[in-house]
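The following pair of complexes shares a single chain, subunit A, combined with subunit B in the former and subunit C in the latter.
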Partner chain A sequence: MKEREKPVHGDDNPKPREVKRRLKATKRISRRKRLEFEEVELPLQVAIIGGGVAGMEAASVLAEHRCPVILFEARPELGVNVKNKYKIFPDFSDAGRLVETMTKAMDHPLITVNKDTEIIEIIREPDAYTLLDNKGVPHTVPAVLLASGYEPFDAKRKEELGFGIYEGVINSLQLEDMLREHKVLNSLGEDPRRIVFLQCVGSRDEKVGNHYCSKICCITAVKQAIEVKRQLPDTEVYVFYMDLRLWGQGYEELYREAQEQYNVRFVRGRISEAASTFDGRVQIKSEDTLLGQPLKMVTDLLVLMIGMEASPGTRKLGKTCGLEGPYGFVRSKSPHLEDNLSDKPGFFLAGTCKRPMHIAEAVNDGRAAALEIIKYLRK
Partner chain B sequence: MADFGFSISKPQSIDTNDMDVGRLQALEAKVPSFKRCINCGACTATCSAGQFGSFNIRRIHNLYRWDQRKGLEKELQQCMLCGKCTLVCPRGVNLRYLIIRLRKALADNK
Partner chain C sequence: MTTKKHYWNEYQKEIAGDKYFYERSCIRQTFFPGSETAFLRILKEELGKNILDVENQHTCTGIGFYSDIVPLETTMTIVARLFSLMTEAGYENYVPSCVTSFGVFSEIVDLWEHQPDMLEKARNILLETTGRTFELPKNIAHPSDIIYKFREELKEKMRYRLVNRFTGKPLKVVEHIGCHYAKIFPDKGVGKAEFPHVLAGMIESWGGEVVDYPERRHCCGFGFRQYVVRANRGYSVANSKKKFESMQPYEPDFIVTNCPGCTMFMDKWQYTIAEMEHKTYDKKGYGIPVLTYEEMAGLLLGYDPWELGLQLHQVQSERLLDKLGIHYDPNEKYKSVSGRILPNPEKPQYLRV
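And then the complex of A and B:
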């Protein structure tokens, strides 16, 4: 993180030393008015970088506790990663509605949302941080929450699986789109006779540099397999896995339901390669490792369950702030009691910028970070 | 075909494109609990017949899943139907009944 060299403070941007002064003054005023410090509105905005589910939840909790918030989102919309999903595990609730509810909460007098705004530089000041956005506008704030999130693994990096080469090979996000539109079709525009899912694409794979497990793909494949069978009961569905990690509440039950009610077939083995057949389908090679025998199979669609990687914003800001953790994610102070804190006072972390998380986890993490920020500012 | 004095061995890999899924589905219809198997191998670990011979019930039903039926009927004769496998199964698969139905299906489908 850069130390301050020259002032970047405009007329409407508080000077760093004023940040501490204003906070102290507010504390004094509250005492004079015989109010608890918690009851008065803070004079300064907290900056949140990233308008995903973690950032939005943090913003709404902070605003409820009378902390003004300025939220920066690089994309033109909030909550895009979740919004693009159809139904979410384990209860098949509507992802769009969830984001809609969260976005509505941003309509709060203490929340300022800046879309299409990327933070390109963070400067550490005494008792404050100055953020520079892509429009060159400085924002000096007493506390920053980094919630810059993840990005889906680019399956083109696993060339042998034919993503971006064969039309029958798609990733799990494309299948999610098809499911939302109720148009799960093969490359010829017909109902697929067979769909094969492949787990751990971009996860647990040294060849792409990711040793970690993205932890949401197992249950996502189970969910998507069930959804496929609901929409296309006659389609055969296979899931190729290395281990099935169905760790969450209700996950194992959903797996059992997929087997029992929906005839989804689970095969232990990693698909080594995919090739096109003359009729536009995909031939795969794998081993049934429970039998110790190689096998080949032709499928209409091969769905690659792509994992989660640190987003470009997370990588860049993690580097700028000296908080780079493993695989480009950012590093928290400690994983148990200080997971929303960084080793820089006033600089907080939430959500998938730290590691892969599912939606509820990211939301909870945003909420937890907001409480840590309140604790920090009201001390 | 010309005799070159050597032959090429058949590929060892299972070609799932030749398989008849109907046979597996028929068995699953008779023994619905079979669909729940998670391949833990508890059945094979406890199997009395398996302690003294090559009998491996988990392997047998996995081969049947891919419609690989060759030699299975003979192998299944080693089972004494003691039912210990059914007792230990964590997913409640009725293995003893599965074996009975498998034997019948294999005898009928020669």
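And then the complex of A and C:
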């Protein structure tokens, strides 16, 4: 992160000295009116980088507390990573509706949403930050929340699995689309006789350099396997796993349900390669490590449960801000009591830019970060 | 199955453009002697390249090294001596003919990069024992890399295409790369290890169609320990058989490989399987011809099939030559270099020739 004394600013953009003055004035007001501080509108916007569920929740909480927010989203839509899902575990609620509710909350007089806007540089000023967007516009703010999120692992990097090569090899997000459309079909457009899920694609994998667990894939595969069986009761479903990490509330129950009610078969073993067959299906090779036997199986669809990686924005901003943590995610001040703080005052972190999280965790983290920001601005 | 995108050709390695130092292969010279000659002819006559083929070279120790018979220090010294021949001749681009040599050289150079004390040791041993010194090559490329690099230039000079002249359709070609080409260091192979493009690129450029069959990446059946140890040879045949059975429904016109072991075993085991199980892998009982990439290139360039040494293969290639529209004289098939007619080899009982 660059640090400087005398920045160049646009006409409408407040100078850092002005930011400092107004911030001090706000703090004086808030001290005087300590009890009713929610009623005092802050004169300055807080910048949120990333319009995913963490960023949106933080924006919503900040606005509720009379704190104006400017939210930047690099993509043309908000909440894309969640929107790409059909139903979410463990209660099969509608992901689209969740994003819709959160997006509606952005329609608030104190929230300005800038879509298609990428922050390309962050400059640290005395008591302020200047963010430069891809249109060359500077935004000087007293506090920044980085919520630049994750991106799904690109399964092409596991070339032995044939993703991007064989029509029958798809990733878990493509299956979400098929489930949403109620069109889970094999590459020939027919109902699949068999579907195989493979866990840990891009997670816990030294070959691609990701040692960490993405933590949502185990339960996602269980959820998707049940959804497949609900839509296609005659399709055989197999899930290949290293070990199943069903840690959340209701997850273990769902895993039992998948086996007992839906006859989903779980095989402990990695798939070493996928190849096409003469009749347009996919041949997989694996080892059933519980039986100690190698196995070869033909399936109509091979679904790769792709993990979470730091998004390009997270990687870039983490690096330029000196907050780069393991695997391209950003590093918080401390994982226990200061997980929304960075080592730079006024610079906050929320959501999957730090590590893989499920939706509720990211939402809660955005909310927690908003309260930290309010605490910082009003102290 | 339909293929979405041939993205595996996206990875390209660095391949030197000229001034090559050529290192011969022990088994290639024995089993397909026409291939090395064809490679040198293609480089010198068709492409006008400078390639040096020196006399005083020797084994790379590959088979012994990978069978744990030859110790590392010996192999390092042998590699060092071959590099000293290159250095002495004023060359920097090393071209080992055999895929196993390519593996040995890549592995030893990588070892030296990571453990400079081992490089020092090799330099000292070589100096003490032979008085020679050497420089590391700037580029190590396999001959198949070089043919791949110039495949479009060669296409311009080719008289034939990989097209069935009776049907007008592309010939269906099974390609198989040697393990030591890209499976030790995927970065050292064009297209890397899982979907290598080195042979596929030649086939596609020259009009053929690559067969993508389920056991495409399965072992050819060579495997040093599988055939060196007699008791293990059953594994070797079983692996080859698995591949043949997997490719059979696609009715491939021929197989092309870039490793002497793959060429030899996929060719010769077809005879063995025919003798053991009375089974062949083409409809008419002739088997599937197995060519080296130089033989494939040489045929398309119009070189005489018998000069290329196709008669030395187990599965005979006349039916393939007919499909390609290549003229050949059956009377010249078993003729020595001096013009003497050699006796015809004995015919196998089950594999038709």
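Heads up, the rule we're going with is that the second predicted complex is superposed on the first by the 364 of 379 C-alpha atoms of A that agree within 3 Å, B and C clash if a C-alpha of one lies under 4 Å from a C-alpha of the other, contacts with A are read in each partner's own complex, and residues count from 1 in each chain.
Throughout what follows, contacts are C-beta pairs under 8 Å (C-beta built on N, C-alpha and C of every residue); 3 or more make two chains touch, one makes a residue touch a chain.
Just so it is clear, the model here is predicted, and its values are computed rather than measured.
Once chain A of both complexes is superposed, is A:E160 in touch with subunit B (first), subunit C (second), both, or neither?
Second partner only.
I'd like to know which partner A:M297 touches here: subunit B for first, subunit C for second, both or neither.
first
Is A:L131 contacted by the first partner subunit B, the second partner subunit C, both or neither?
The answer is neither, since A:L131 touches no partner chain.
Classify the contacts of A:R268 with the two partner chains as first (subunit B alone), second (subunit C alone), both, or neither.
So A:R268 only meets subunit B here.
Scan A:L110 for contacts with subunit B and subunit C and give back first, second, both or neither.
So A:L110 meets neither subunit B nor subunit C here.
Touch check for A:A221: first (subunit B), second (subunit C), both, or neither?
A:A221 contacts neither subunit B nor subunit C.
Once the complexes are superposed, what residues of subunit A are shared between the subunit B interface and the subunit C interface?
Correct list for subunit A: none, the interfaces share no residue.
Could you list, by residue number, the parts of subunit A that touch subunit B in their complex?
236, 256, 259-260, 263, 265, 268, 285, 288, 290-291, 293-298
Where on subunit B is subunit A touching in the complex?
Per the stated touch rule, the residues are 12-17, 21, 25, 28, 32, 35-36, 39, 58-59, 62-63, 65-66, 91.
Mind listing the subunit C positions that touch subunit A in their complex?
1-8, 192, 194-195, 212-217, 249-250
Which subunit A residues qualify as touching subunit C in the complex?
156, 159-160, 164-168, 187, 273, 275-278, 280-283
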